[in-house]
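Paired with subunit B in one complex and with subunit C in the other, subunit A is shared by the two complexes that follow.
Our next item is the complex of A and B:
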């Protein structure tokens, strides 16, 4: 029973990061119908931003979160505005390959600059734990979960309470009507991609505290983001959060009961079952 | 909106002028295949390996093209069939000491067909990104499961004893590629091909016209998988060693898609042209910039997608010179 609770808590702690990663992925996918294969590379960039700030200025990773968000937002905005917008209405294969090419470019540029050796961030509280009944919780992971929840809430407020958020939702519902109402679609698309990249960057900072850093570290997160989006349903903030937590718990129990070598396979089999039985996700609505 | 629709229609007419694609390109590819038959007589190991790679990728790309190009179901996980093919050869040697390439190819194709049939019925109900993700999930899950089965070599892989006449692997790959090429030609000229394209263009309309979508989609996936599995069966023997990361390599998953796009999606000659051009680009980058050739490769993909989204072959049909080319680039812009 203790093991059960420990696995559950581990899953929830990991799930917070998955939720933030999937949030940006789901936004870009849901609104522009782009599967952003560079999303994992964006997560990696966020982690390296945290690493550079930490090793050069001893900046705490939690303080780096807004910095990484802003930098990655600008980068994402530029990429969408000056590259992806040119082919955004092409068949899905086009944007799929374009973002794959971008991911290769980004990962290899980082490889040239930082080389392939594994790096890490060790803060003063890295090894510290607290206990909650039978369960041990690392402080860093706990604070990461709190930060992830805060980011999710801020994102939800942005989407529902601000003019730009409303313009984004309008664009995703009916692009023509949004244009008639004065929404600049090229600009909104760039903002959406910027937000996706910014969230990936913020998630990357969170990742940098629990995972080791190397240029290809982002790749596994793409398939995780896929699964979370499918579990939670596409294009909703609460869907990404619930999907992320469910996925984290599934992976935690999967590695405990079936073996660490097969934990991804467990998640993927769940993905296939959900896709076939309930293609709109657990939280998804009945129609598109 | 009207202008958009018109330019879209023009592009479609130019891009898919009859589903067999260009006649000239088809005969050029036939000639190319005949020339490639002479490669082993050069007795140059490097060139033989290089062109066996071209033929392998061309086969994978032709296979992807059947489901992703003609039927319009973009699969991101066709490498699963390639991997099953490699493991078929590996197991034939490891368990039965069977080295015959032809037996390996036929068995691999049967394995792929059964796999595609069993998983195709539920998976092909999904559309668009969901189908793509499901296929990617199948490929990754299969790789991980196979890597964890000790009977199949587990994490340490399987060594395959190669046949003495090494060039036989080249001829086998050539035969597999040529057969896939001719099969695509025959499909594109038959009712089957038109059923695939009808599903791609409008599945509901195709259903009303009497095309049973499930049946044809599963059939397309089976054909696609059999081509990839045959290539995998030959590759395993030529490579002499198979483990899960080799059998389900990301490169073998993505390169064929890039090649099909580079040559022209939904054409017969496209995958072959794409495989040749992309291998040439990759080999040049590799020999001149070994350190950063993946970086350049990423740049090549980005440039191809931005400037040649409809493939090289399409350029020959483009009207209006430079102006027409620049106008075509703006079609998908927001």
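Our next item is the complex of A and C:
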């Protein structure tokens, strides 16, 4: 029974990070119909931003979150405006190839600058924990979950309460009508891609506190983001959050009761079941 | 129209990027140079270990070239090593080794990093009958296939953690229970199987034994499960990344044990740098230690301590066992080529098969399968941020700190 609760908590803690990673991925996919294979590389860049700020200025990773968000937003905006925008209407394979190439490029540039050495951020409170009945909760991961929830709420407010947010949603619903209503689609697309990159950067900072850093660290997260998006439903903020948490819990229980070696298989089986039973995802709308 | 042209340009650019890592500088082969080919991970999961391997190879090369070269018959040769990035991918390693042999016409092959990549390279050198010596693939699976052209200077994977168990059994307050967890790659599985058998044979109870995917990003479930079984010894067969994740996980969930031991990790500088003081008290199996007291044959640095000092002067850190076993890999070729008195692949292969020479790294001698079962391993422990050799007693430069203090008392 103790193990049951510990697994549940482990799953929720991991799920919070998955949610933030998937959020940016889901926005770009849902609104622009681009499966951004460079998303994992963006997560990695966020982690390295946190690392540089921590080792050069002793800046706490939690303070680095907004910095990484802003830097990565600018980067993502520029990438969309001056690279991807040229092929945004091309068949999906083209954007697939382009973002894959972008990922290779970014990973190799980071490899040249930082080498393959494994790096890590060890703060004074890393490893510290508190107990909650039978469950041990690490502080760093707990605060990470809080930060993840806060990011999700802010994102939801942005999408529903601001003019830009409404323009984004309008563009995703009907691009022609949005254009007629005066929405600058190229600008909106760049903002969406920037948000995707910014969220990936923020997620990278969160990841950097629990995992070790090396240039190809982002790869495993792409497949997770993919599953979370399908689980939760594309393009919606609450979908990414629910999907992330569900995925984290499933992975945690799956690895404990079915076999740790099958950790990834469990998630992919769930993906398959969701696609068959409820293809629009848990939070997805009936008609997309 | 415009879009399809851009798409074509993008596709072409992508192909160019993909092709890049495979290009190598053309062979510098002339009649006075022996050229080796080495496919090593510069990217991917094992990029760090790949770099350590390369440094070990380079250190040997520079030493040999600055001391005249290798004498073959009456003639002296310089050495050159060609590298290519195998991206931690066994298929790529095989392809690169094939290219080294068939296109670049290198003389001999130096092994890649890791058991999966060594295994796929071994199959290729077998086909071309070109000898390969490797120092970074210790899964016996590679050597149980009847290959005749692959030799490993390192002790088999099964032995990595045996000495750690042995060390614990010689302390007061003997351990009774063991938890074993490993990555599901060939090397790690054999490390775990070896530890499991050794523990059972010495009357210990194995209370937990499981595997995780090799590229896992989350081990908290494993940590929780191990905590529930409350073992005396926690042993991991895996690589640097997972070792760091696990050690961090044990602290996060406040898991205490008498021994935390890893097959790969504690000996690398990255483990200590990343974990800081949380790396203290950790044990690791090691192929070699700077405190080893072997008296090597002439032709290269004969003494472990001198090797460590010279290496540190050049690369800024004390060599870890990956560096040392990689230099020893080259050393096996050096002695075999000198003994064969020829660069003929078959003659060098035969000289390797009958090699029996002591080096700074220990005895280089291969069994019928081509693996070095004759060299013992040692146990390292991180004490106050420094790597000490604590077992066996013949090579130790510090006493083991046992049992490991609880997290709350550090």
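Assume the second predicted complex is superposed on the first by the 288 of 288 C-alpha atoms of A that agree within 3 Å, B and C clash if a C-alpha of one lies under 4 Å from a C-alpha of the other, contacts with A are read in each partner's own complex, and residues count from 1 in each chain.
The definition used in the following text is that a contact is a pair of C-beta atoms (placed from the backbone, for glycine too) under 8 Å apart; a residue touches a chain by one contact, two chains touch by 3 or more.
Computed from a predicted model, the values in this text were never measured in an experiment.
Touch criterion met: A:186 reaches subunit B, while subunit C stays clear of it.
In the superposed model, A:29 lies in contact with subunit B only, and not with subunit C.
When the two complexes are overlaid on their common chain A, residue A:86 makes contact with subunit B and with subunit C alike. Looking at the shared chain after the overlay, A:261 reaches both subunit B and subunit C. In the superposition on chain A, contact is made by A:109 with subunit B only, not with subunit C. Once the two complexes are laid over each other on the shared chain, residue contacts for A:6 go to subunit C alone; subunit B is not touched. When both complexes are overlaid on chain A, the residue A:94 reaches subunit B and subunit C alike.
Comparing the two complexes, residues 86-87, 89-90, 94, 97-98, 100-101, 104-105, 107-108, 111, 259, 261, 264 of subunit A contact subunit B in one case and subunit C in the other. Note for the complex: subunit B touches subunit A at residues 1, 68, 74, 76, 122-123, 125-126, 128-130, 132-134, 136-138, 140-141, 144-145, 147-148, 254, 257-258, 261, 265, 291-292, 294-295, 297-302, 304-306, 309, 329-334. Every residue of subunit A that touches subunit C in the complex is listed here, in rising order: 2-3, 6-7, 10, 13-14, 86-87, 89-91, 94, 97-98, 100-101, 104-105, 107-108, 111, 115-120, 122, 126-127, 129, 131, 136, 138, 140-141, 210-212, 214-216, 219-221, 251-252, 255-256, 259-261, 263-264. Those residues of subunit A that touch subunit B in the shared complex are 29, 33, 35, 83, 85-90, 92-94, 96-98, 100-109, 111-112, 176, 185-186, 189, 223, 226-227, 230, 259, 261-262, 264-265, 268-269, 271-272, 275-276, 279.
By the touch criterion given at the top, residues 3-4, 6-7, 10-11, 13-14, 17-18, 41-45, 47-48, 50-51, 181, 184, 210-213, 215-218, 220-222, 224-225, 227-228, 240-241, 244-245, 248, 251-254, 270, 273-276, 278, 407 of subunit C touch subunit A in their complex.
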